[in-house]
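Shared chain: subunit A. Partners: subunit B in the first complex, subunit C in the second.
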Partner chain A sequence: MAAPSAAGLGRRLRAWLPRIMPVRWSRYNPSYLEPEVKKESYQKPLEELTEEEREQSELKAVRPIKAAPPTLSSSVFSDPMISKFTNMMMKSGNKVLARSLMSQTLEAIKRKQLEKYHKAPENEKETIECNPYIIFHQALKNCQPIIGLSNITRGGKTYQVPVPLTDNRKRFLAMKWLITECRENKHRRTMMPEKLSQELLLAFNNEGPVIKKKHVLHKMAEANRAYAHFRWW
Partner chain B sequence: TLRLICTTTAVQRKNAGASGPEKYTEAFIKKQIEEFNLGKRHLANMMGEDPETFTQEDIDRAIAYLFPSGLFDKQARPMMKHPTEVFPEQRKIQWGEDGRPFHFLFYTGKQSYYSLMHETYEKFLNVQKHQEQMIAQDLPLQKEKRNLAGSRWLTKIELEEMLIEKLSDDDYSRFIQLLQKLVALPCADIEENYIQKFSKEVPVQLQKVVIEPLQYDERGVAFSTGEGKRKTARATAVVYDNGTGKITVNGTDMLHYFPVLQDREQLLFPFQFLGRIGKHDMVCTVSGGGRSAQAGAIRLASAKALRSFVTEKEVEFMRQAGLLTVDPRVKERKKPGQEGPRRKFTWKKR
Partner chain C sequence: QLEHGCAPPTAARAGLSSASPRDVPAERPRGVFHTSESDPAKHTEQHEGRLYNIPLEEVKAVFPHGLPYRFQQQIQTFNEARLMVRRPALELLACLKGSSLAQPAVRYVIYGERGTGKTMTLCHVVHYCSRQGWLLLHVPDAHLWVKNCRELLQSSYNKDRLDQPLQASVWLKNFKTSNERFLGEIKTQKKYTWGKRESTEEGRPLGEVVEQGLARVRSASDAVGVLLRELKQQSHRGSFRLLVAVDGVNALWGRTTLRKEDKSPVSPGELTLVHNLRKMLRNDWSGGAIVTTLSQTGSLFKPSSAYTPHELLGKEGFDALDPFVPIPVANYSPREFESCYGYYLERKWLQHEKAHTEDGKAELQFLSGSNPRQLDRLAGPL
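Then we have the complex of A and B:
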């Protein structure tokens, strides 16, 4: 196909303010906005929107919009967190395998929870959560660290300085810990869905090695509180 | 014939302005314009057309007819354009006979840029003073919002053309920041004239596409066609009304053609978004590309076909959901000296 050229996309049309020339660029003109896929956001009448949302909708009416990626869909079954997790589990671009593993994991979680549900006495039946999506989201939330450490070199010595983390970074760390935990610290012959479902259920109940890792990180950050002033950002 | 005007040795040493000393005098350019007009009349006579109403497009066509050229580069072919388009705009010499510059900011190096910044800041202070006066008199501050969505600032290249001076990216972004600060003040309407010099209208995009009306086949069933592409895949889709939700791809059912759930989800995306899953039948043909590219192509084709069945508001919703844009992402080419599009060869110390 034609070689991508930044100039060919119409330099004159860009009211772009580059401060540093970026290395990663995209085939879209910078004026393109992200698509909004959820059906509910289009059914809200005008009065219910806040000021910002009204401005956003006016802007969207004028600007061009990027095409929706193949992983995004308006169906009830597509969840952005699950897609992110599937992409992180994927190896060498084998999305089919990663997606099948993910669905088997969710199935395994559902089976285990249903077993527990049927064995439990009457009064405890309501407390048992059977929805695998809710369990997944809650487990991820429980695994997210609040504060992270970063290496800062001062006077030759490298210190571990406690640093606040952004939302994206927290989510990424939680998912990464879960996946590495499942890949490395388990018996070789167990299947990934089994391992993952076990880890997710433990994380849901605030137990398990991933939660322990998170607590260790928090303790290290607490211990290195003295160096917090090294951070300049 | 180009002729350098006589300059003093002092001037020849200094590197004057943006692009060297003035190459074309005003008299020279005037002569060129006269010659161009004469030539235009001769050309019109040659082509047998009226010299008074001979436009630039006619000139281009005449030259392409009289001097056919097979050269690939359009700018290498013979052309006849107005001298102001051919000779780039030059700044006049900015100092007098004694060597003293006219403009007080000449020695900054970028006189027009800094004078522009000073002017804009002056307007900013003006607006602030006006605002304080309004507050002192307890009058309400006007809050008419400028239509931000419909206008954009001048690009760096356009600003450079306006000032006839080279700008750096940093300078340009500083100027735009100052303009944005100016616009953000409530009483900025006073300086609206000044601001409009630096903003341009963005044409509203949506009214460009014409939605085709529905066609009817022999049985009286309404249908419409759409074409879509993604990477190297090309697809055409025909969406029939009063259907059962059956989808046929290249003669086979979609369940057999797309064994992967993600592709089937993509095929059904437009229908699910509009809430018309069981109401339409679809027959499509697709070629080229891989599994996911073909699914994306069919998705675009079906979304385009569905536009004829649906109200304008829903078409707008589909556009904002990203269903009607062609995905421009293609495989990036491999570069020489690297192993792939981004991956470099293994670095070896020796």
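Then we have the complex of A and C:
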């Protein structure tokens, strides 16, 4: 394959978290190496490296390196879940707006929790969680369904069959439900950060419409237990 | 909170020791970057880079308007108002302390890049003057008077000028809150007729003029004009000292986005409020000071890279303000940055676990470029 030019880089190349997810398709020559963004790996002196790492660093001197995707960050504050959520909130490629909405949401959560914290009596202060990142992760974990439904057609009829979900699918469903809930069920004048912060705080406490949706899905799966043998994978 | 006398003479000058003036012994000692000296008159270079507390009742009385919105949110979240003592403010306070009543009012123009702390410096000076018992004429943002005005009335006093009833009445209400006690003491020197049946006699307290402006919104702009005229004429007597604090003074000499009914553009000189304020900013009166701030953020038709007085005021504005003392405000020095970062940590504003590390601090310093506004914006979601 020819060396990728600016046009050949492929605007549709979305190499999100290249360590965890394999790239779907790539126009890079296989000789290209992944970029290394972690600061710690460059600060290790030569003696501490193992054999493979020494080979790897010698290879880096001769092989070309792929361009770093915009989602890859060397900041200590970057979080892959938050980036994924921001991407899902984004509309028509307006990442600036999506990212500012996300930071306003985190700030709103922090403000609400800090106000509650300062007003609470001494013995209750430890129970109030003020870190917006912990709240975000816990809320998403609480919203993830354990089991999902899939449409399987047998003899002309389509059945809703309970099926296990992969981790990625669970994360995706949780984020999707949260975003759709915030977009649809809010007053015209309410800002997105305010509504999102409200929903995240409710989900953190296992309340709210998104948790209800998860429970409804679980109940449907329980009700359709009889069709579970239709699944062949 | 009790007001202490000046700092004990044995306190170290470098400021990084823990011998900072303590609060009443019942409270636990706060960090090195705090100071319990809440009277701006006693702030010296020793307090530079430290944060001092303004009691919340005083905030409501002195600053009904004038504090930036993010700072108001911060006051509500942290339940306290902490202002950093910085060098430009200390210089201004020293100039004010040294100025004399008999000389004509000196004009100070605070300028600097975006987000460096010009409005906060102005608020520091306003707080000092309120503690000293001056009369505060604080215009929180002159840009609000030259854009987004729904109602423009033709002025009854002068056919060519235009009134802004809403903006004038809002400002009068806030003026009344911050200067309650002067409104009873100062008397008018002329008879003013507001309409066919309403008039204010000579010798009535100024509070009546303010009430008239608030009750009859149509004549609010004229009430503001009368107020400014009276204050200017009576300030040289010495019974009170007048501080004229205007934020965003470049709005008075720029262009407006307002249009008359025949769609022709309005120049700022045609607005009553702006006309009267311009007269106030001339240095032909004595017995006070004029402290102003330039602001690009709300300005109209000015490029975002402009921050110097000449660029923002234009030729007309610069000539009108001409003999002025320029006071530049810069980004945080390393010590001020440490102070601000330490305050955020102490108030639990920085919640991210990496924000407590050295790497996080270095990253914050790099990304914000030590700019106060950028640091505030970055520390928000963290």
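Heads up, the rule we're going with is that the second predicted complex is superposed on the first by the 169 of 233 C-alpha atoms of A that agree within 3 Å, B and C clash if a C-alpha of one lies under 4 Å from a C-alpha of the other, contacts with A are read in each partner's own complex, and residues count from 1 in each chain.
Please note the rule applied: a residue touches a chain if its C-beta (ideal position, glycine included) is under 8 Å from a C-beta of that chain, and two chains touch if they have at least 3 such contacts.
Small disclaimer: the values here were computed from a predicted structure and weren't measured.
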item	value
First, second, both or neither for A:114, with subunit B first and subunit C second	second
Which superposed partner A:218 touches (first subunit B, second subunit C, both, neither)	neither
First, second, both or neither for A:28, with subunit B first and subunit C second	first
Partner chain in contact with A:37 - subunit B first, subunit C second, else both or neither	first
First, second, both or neither for A:95, with subunit B first and subunit C second	first
Superposed model, subunit A: greater residue contact from subunit B or subunit C	B
Subunit B versus subunit C as contact partner of A:132, first or second or both or neither	second
First (subunit B), second (subunit C), both or neither touched by A:65	first
Which superposed partner A:75 touches (first subunit B, second subunit C, both, neither)	both
Residues of subunit A contacting subunit B in one complex and subunit C in the other	39, 75, 77
Subunit A residues touching subunit B - in the complex, by the definition given at the top	1-4, 11-19, 27-28, 31, 35-37, 39, 42, 55, 58-68, 70-75, 77-78, 95-96, 99
Residues of subunit A defined as touching subunit C within the complex	39, 75-77, 102-104, 106-107, 110-111, 114-115, 117-118, 130-133
Touch list for subunit B against partner subunit A, complex	148-150, 152-155, 157-158, 169-170, 172-173, 176, 202, 204-206, 231-232, 260-262, 265-266, 268-269, 272-273, 275, 292, 295-296, 300, 316-317, 319-323, 325-333
Residues of subunit C defined as touching subunit A within the complex	73, 76-79, 348-349, 351-355, 357, 359-360, 363, 380-382
